Each structure stands twice: as C-alpha cells, then as structure tokens.
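The following pair of complexes shares a single chain, subunit A, combined with subunit B in the former and subunit C in the latter.
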Partner chain A sequence: MTGRSMWFEQAFAVCAKDLRIEFRERTAVSAVVLFSVTSLVVLGFALAGNNLAREVSAPLLWVVMFYAAFSGLAHVFTVEEDGGTSMTLQLAADPTAVYFGKLLYNLALLSCVALIAVPLFLVISAVPVPYPWKLIAVVSGGSFALASAATMTGVIVAKARGRGALFGALGFPMVLPLLIMAVVATRNALNPESMAWEPLRDVGGLIAYGTMMGAASFLLFPYVWESN
Partner chain B sequence: MRGTIGLHWQIAAGLFLTLTTWGGMAYVRPAMGFLYPDGARIIIFHVPCAWIACLAYITAAYHAVGVLRKPRDWFRSDASCEAAMELGLLFSLLTTVTGSIFSRLQWGAFWSWDPRQTSILVIMLLFAAYLVLRSAVTDPNLRARLSAAYALLAVVPGLFLIWVLPRIVNTLHSGANQAVIGGGMDAQYRTVLYGLALPGFLCIYAWLMRLRIRAAMVIAAGSN
Partner chain C sequence: MEIDATVSATLRKVSMVYGRRTVFRDICSSVESGSVLAIAGPNGSGKSTLIKIIAGLLQPETGDVEIRFQERLLDPLHRRPLIGMVAPDLGLYGSLTGIEHVQLFAKLRGLRYGIETAGELLARVGLKARRGDPVRAYSSGMRQRLRLACAVLHAPRILLLDEPYMALDTSGVEVVRSLIDEQRRRGITLIAGNDERELALADERLSLVGSSG
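After this line comes the complex of A and B, so read on.
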C-alpha cells in the first residue's frame, strides 16, 4: 500500500469515526438544529407577517448560518480533548490526515445546517428566489469557506481549553471577510436581474477564501495538534 | 552603552514627531477641494498610523514563524510577537479614531462601512483576538505555539481584506478614497508624510518595541 492511499484512508477513518460518534450521541447536530430553528422562529416572530427586503434578508441568513455553525463546529476538537483521546489520535494518524478528516466532518455538519436553515429561512422570510441554483452555489461556497475557517480555529480553542466565548472571539475575525463576501453574493443571487450575478466574483471569492484558509491550516495544523 | 543606544530612538522620535507636528499644522497648505480644507491635516497623522499597524502585523507574523521553527529557544520570538501585536492594536485604534474624525468632516458620518474602514476594523479585531487567546492560556510554551499559529492563520483574512474585498464590495466613495490613499495628494503633503511623519512613527514604533521586549525579559528573569 502506498503512503498516499494510507493518508486518505486515515483521513476518511477520522471522519467516519466522528460521524459514527455523532450518529450515536447527536450532540453537535441537536445543538445546531435547535439553534437554527429557535433563531429562525425569533426572526419569524419579529417579522410578524411582513416581507423582508432582499438587502436585509441576505445578511440575516448569514447571521443565522454563522451562529448555527459556530455552536457546533468547535465540538469536533473539544470532544477529543475532553475525552482524553487526542494523544491516541496523535499516535494513530498523520496530523494532516486528522485535519482533513475533521474538515470533512465539519463540512458534513455544515451541509446539515444549510439543508435545515436555508429552506426554513426562505419559508419564514418569504423572499422570492428567482434562480435557486445561484443560491445553492453561494450557500455551498460559503459553507465550505466557513468550515475551513472554523476547523483550524476550533483546534486552537480546544488546545487552549477554551469554550464557546473564546471560539466566538477568535473565530469572528477569521470569518468576517467571508461573511461580507457571502452577504454580497447572496444579495446578487437573489437579484432577479441576471446582470447582477458574476459567478467568478460571487462564488469564486468564497471558494478562494476557503482554499486559502484550508492551505494555511494544513501548514499550521501539525504545530498546534502536537502541542500539549 | 545599551541605555544610550535606546536613547537614540527616543531622541530621533521626538525630533521627527515635533517636525511632523510643525509640518502638519503650519507647513502644509489647507487642502482645497475638501469640505473642510483644514481637516485634511489629520491625514499627516492618520496615514502613518495605518502604515505602522501593518508593519506591526508583518513583524508579528515574522516572529510567529520564529516561534514555530524553534521548538526550544522560542522565548524572545514570542515576546517580540506579543509586543508587535500590542503595538498593532494601539496603532490600528489610532488609525480608526483619526479616520473616523476625518470621515465625519468629509462625508458627514463617523462610520460608513467603506471597505477600507471594514478592513481596519477586522484587523483591529484580529489584534485583540490574539491578545484574548494569550490571556486564556496559562502554560507559556503552549501559549507561544497556539498564539503563533493564530497569528499566522490571520494572514489569510488580512490579505483578503487588503487586496480582494475592496474589489468585490462596491465602495461608496472610491474617488475620495483614492485621494486619501494617495492618488491626488499634494507634493507638500507627500514631503511631510514621507520625510517627517514616516521616520518619526518608525522611530517611536522601534522604541516602544524595544521597551516592551526588554520589559518581557525582565519579568521572565524575575519569575524564574
């Protein structure tokens, strides 16, 4: 067996392990789902039947996505530190493979958030969606960028033995540029005029941010992961 | 000997900053074309603060690499990284304050979510978050490594904010922004800015860095 296939095997094993734990205990998913549902209910209550303008609905969607994501994504590393399993995982797998596995798991979790929060948001806010595929592209790109920014922040917070407040404080400046881009892109995606939409700028920017964040995390992760 | 070398920075900073004050307040003409021509003088102090905040960030990232590359002898790099981040927070705060005063005079509001304003706000938050992370970890070795990794990770949003974001988000006042950044700046302003203010602020930054690192060394020597 070559080294590369070993590496992928380890990464997928880490992801599968976390998915299995999540499937048994459902701590992160229930937190995330409950958070998005409650915040959307509050939003719906505040709107009280009024329709949202496109300019306002885009930031609100991303506020919900950001907080829902951040209520669940830190869990992926704190569970290893709390359970005392991080040392074993350090011995069992290559650090970058661990990072990749955790990133995949966070992506799965965020897809879950998006699948619940976005349709619910559209129902509550009653924003017309002229081109659904544009919105899907923006939400996918944004979720990828959000996951790759949050994964590395998550490991730093877990190693610092910090909790939610620290994760928010450290994560917010990391995701703010991508949130601004995602809001602008969502606004353009919901715009019925097709001139407003530029795929390279709107989705490409988000994917570029996620890739840069992922590359930087890939280089830095071993230093953080192996410090105890 | 060490003391006199330290004094050179202070003397140079005092001299250049005195000249900058004279230059900004008396030498340059009021900038015509602005709503309050005399208000434009604040640029002489605003722009160097932004430069120094960026320089502080670059210094911090350089020393963060040093921390991660040296598994044992990381202490001085870590102290330098922290000192640079603290000064970065100070200078980005000064940039924001002087910028909003100018913004109020010129565009009528202290804050208008221009991409440049957003960038400096997020960079300020990055400096602050770094210091929050440091205060949350007690073990010095772990603190050095975690905060160095965070400082280097923050390069990504930093690059995006400076080069990408202003091209994606429509700026409300690109013409005015150009004037602030240097498009149509008067020769007098350029002379004072590059000849007096930049060396003055560099000297005060170097002096404060040295002071802060020496203080960290003294504290560490005392606690051992």
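After this line comes the complex of A and C, so read on.
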C-alpha cells in the first residue's frame, strides 16, 4: 500500500469508526437533534402563527446551526481523551489522517443536522424561499465552514482539558466571521430580488473560510494532537 | 535461532521532569534485536513515562532516544509503525467488539484483516468465544488480551509492554510469554513492571530508583 493510499485508508477508518460508535451510542446526534428541535419548537410557540421577517430569520437559523453544531461536533476529541483512546490512535495513525477522518465525521453529522433543522426552521418560521438552490448552497458552504472550525476547536479544548468554558471562549471568536458571512449570505439567498445574490461572495466566502480553517488546522493539528 | 539484527534502541542521558519533580535523570541503556530489556522500579519511578518516551509519545526533558532500523535513524513519528505497545492507560472503544478493534487497528496500520484473520488472532490471545461482544462487556483481563492482540497484529519490530501481566490469569500469562518468545525472532522487547514474573522474562534489567525531588 502506498503512503498516500494508506493515509486515505487511515482517514476513512477513523471516520467509519466514529460513525459506527455514534450509530450505536447516539451521544452527539441526541445532543444536536435535541437542541435543534427544542429551540425551533420554542420559536414556533413564540411566533404563534406569525411570519418571521427575512432579516430576523437568517441570524436565527445560524444561531440554531451554531449551537447545534458545537453541542455535538466538538466532542469528537473529548471522547478520545476521556476514554484514553487518543494515545492508542496516536500510536497507530498519522495525525493529519486523524484530523481528516474527524473532519469527515463532523461534516457527516452536520449534514444530518442541516437536513433536520433547516426544513423544520422553514416550516416553523414560514419564511418564503424564492430560490431553494441558493439556500441549499449557502447551508452547504456554511456547514463545511462550521465543521472545519468545530473540528479544530474540539482538539484544542480536549487537549487543554478546559472543556465547557474554554470551548465558548475559543469557539466564538473563531466562528464569528463565519456567522456574519453565513447570515448575510442566507439573507441574500432568501431575498426575492435576484440582484442581491452574488454566488462568489455569498457561497465562495463561506467555502474560502472553511478551506482556510481546514488548511490551518491541517498544519497545526499534529502539534496540538501530539502535546501530551 | 535466527536473529534479525536490524533494529536497536539506545537511550542517551534521558531525563524527565514533571513540574519541579525530577522523575529520572540521565538514563542510559541500549537494546538490540533479539533482546528483552526490563525496566524495573518502585511506583512513581517513571517506568511508564520512559516507555512513552521510547514510543515517541512524550518528549524527554533532556537526552534522546535513538531508534535505528536497518541502520537508518528514525524520528518519533516514523518509528511508530515499528512499535506495538501495551499499557494500562491505552484505551479501547467500549461499543466496538474485539473483532472490530483488530480490524480497525489493522486498517490504521495499512493491513487488511478479514473476519477470519482477525478471529485467528483473537483466538491466539484467548478471546475466540467473546470476539463479537462489545468491549464494555469485557473483564479487565480480557481487555488486556485485546490490547496484546492489537499490539502485535502488524508484527512490530519493537514491542513495548507496560505491566503486561496486569489482570491476566495463568493462560493470559502464557500468551504474553509466547508473544515475547516470538518477538525475540523479530526485534526487541521492553517490559516495564514490578511483577518479578514479568521481569524474569528479560535478559537485562534497567532499574529506576524513583524521585530525587
């Protein structure tokens, strides 16, 4: 097996292992689904049948996505540290392959969150969606960026053993630019006037953020992961 | 007995400090293919720490560990594919089965283990009957057997055993002995522990004296 194919094998093995464990234990999925559903149901009661303005709906959607993501995704490394398996993984796998495997797992999980939370949000808030493909593009780009940020924050927090408090302190400044971009892009995607929409700025910005965060994490991850 | 003399480990003035406490200072030793080195010492003397330093999981405060394979000097990351390790603090995944552990770690090591091959390895460490059970249902001795299986599945050149007899019954002890015998033909073995039965398996002994303040 060549070095590159072994690297991909390792990354997919880490991702498959996490998905299998999650399928059996449902720890992250429970946290994520519980948060998204309860917050959206509360929103539904608060609206009491009224429509939500586009300007308000975009930030609300990303508040739900952000908290849902960080309540579940960031624990991928905490679980390894708590169970003593991070050292077992360190011995057997390339650090960057571990990072990529965890990123894939977080992307899979966040896709599930988006599939549940976004349609539910649209039904409850009754926001009209003039161009569904624009919203799909923004949510996909934003999910990719959010998964990148959550994966890197997760390993720093797990290694620092700061857990809850540190997670907010580290995570919020890291994702603030992403949240602002995602909110603006969602507002534009929901705007019936097609002039408001600029794919390169709205979706490209989110993908660029996710790629930059992924690239920086890819380079920095081995140093954080190896710090015992 | 044919000995493959291609791997060696040399410790050069290795010291470790945690905070203000010196765990050990200026440790020097070496071990060649076919040999078994025991690391002995009281609790807290740094046996497990030294094993982790050799595995490249910890950086020593001063000194270095030189691992050579086929005359080539390996850095900590590149020596890991050659290492198999068993230690009490190496965790396992509670919801995965024994078979799944073997297959996972084989894949991470770049090997393909089918159910049959994985089953044979588990049978060798005495886990045949429970190979399909989740690890959370295993006793501590069974977990130790699974750690042993995962440590040797890639035929490592360097086998690091930290308290290998921990929680094992008589048949488990025999498994460790047979794995060490096999390792003598493949490379080097380092055993850290206090149990005289473990230490008696070694050819040489390195004694750590404990904290010097």
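Heads up, the rule we're going with is that the second predicted complex is superposed on the first by the 228 of 228 C-alpha atoms of A that agree within 3 Å, B and C clash if a C-alpha of one lies under 4 Å from a C-alpha of the other, contacts with A are read in each partner's own complex, and residues count from 1 in each chain.
Going forward, a residue touches a chain if its C-beta (ideal position, glycine included) is under 8 Å from a C-beta of that chain, and two chains touch if they have at least 3 such contacts.
All of these numbers come straight from a predicted model, not from anything done at the bench.
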After the superposition on A, what does A:116 contact: first (subunit B), second (subunit C), both or neither? neither
For A:223, decide between first (touching subunit B), second (touching subunit C), both and neither. first
Examine A:21 and indicate which partner it touches, taking first as subunit B and second as subunit C; both and neither are also allowed. second
One more residue to check, A:176. First (subunit B), second (subunit C), both or neither? first
After lining up the shared chain so the two structures overlap, which partner does A:63 touch, if you call subunit B first and subunit C second: first, second, both or neither? neither
Where does A:47 make contact in the superposed view: on subunit B (first), on subunit C (second), on both, or on neither? neither
Contact-wise, after the overlay, does A:184 reach subunit B, subunit C, both or neither (first, second, both, neither)? first
With the two structures laid over each other on chain A, which partner does A:31 touch: subunit B (first), subunit C (second), both, or neither? neither
Shared contact residues on subunit A for subunit B and subunit C? 228
Subunit C residues touching subunit A in their complex are 52, 55, 57-58, 77, 80, 83, 85, 87, 89-96, 100, 104-105, 107-110, 150
For a test of understanding, state which residues of subunit A touch subunit C in their complex under the given definition. 1, 6, 9-10, 13-14, 17, 20-21, 24-25, 80, 83-93, 95, 228
Which of the residues in subunit A come into contact with subunit B in the complex? 152-153, 156, 159-162, 166, 169-170, 172-174, 176-177, 180-181, 184, 201, 205, 208-209, 212-213, 216-217, 220, 223-224, 227-228
Contact residues on subunit B for subunit A in the complex? 68, 118, 122, 125-126, 129, 132-133, 136-137, 141-142, 145-146, 148-150, 152-157, 159-161, 164-165, 168-169
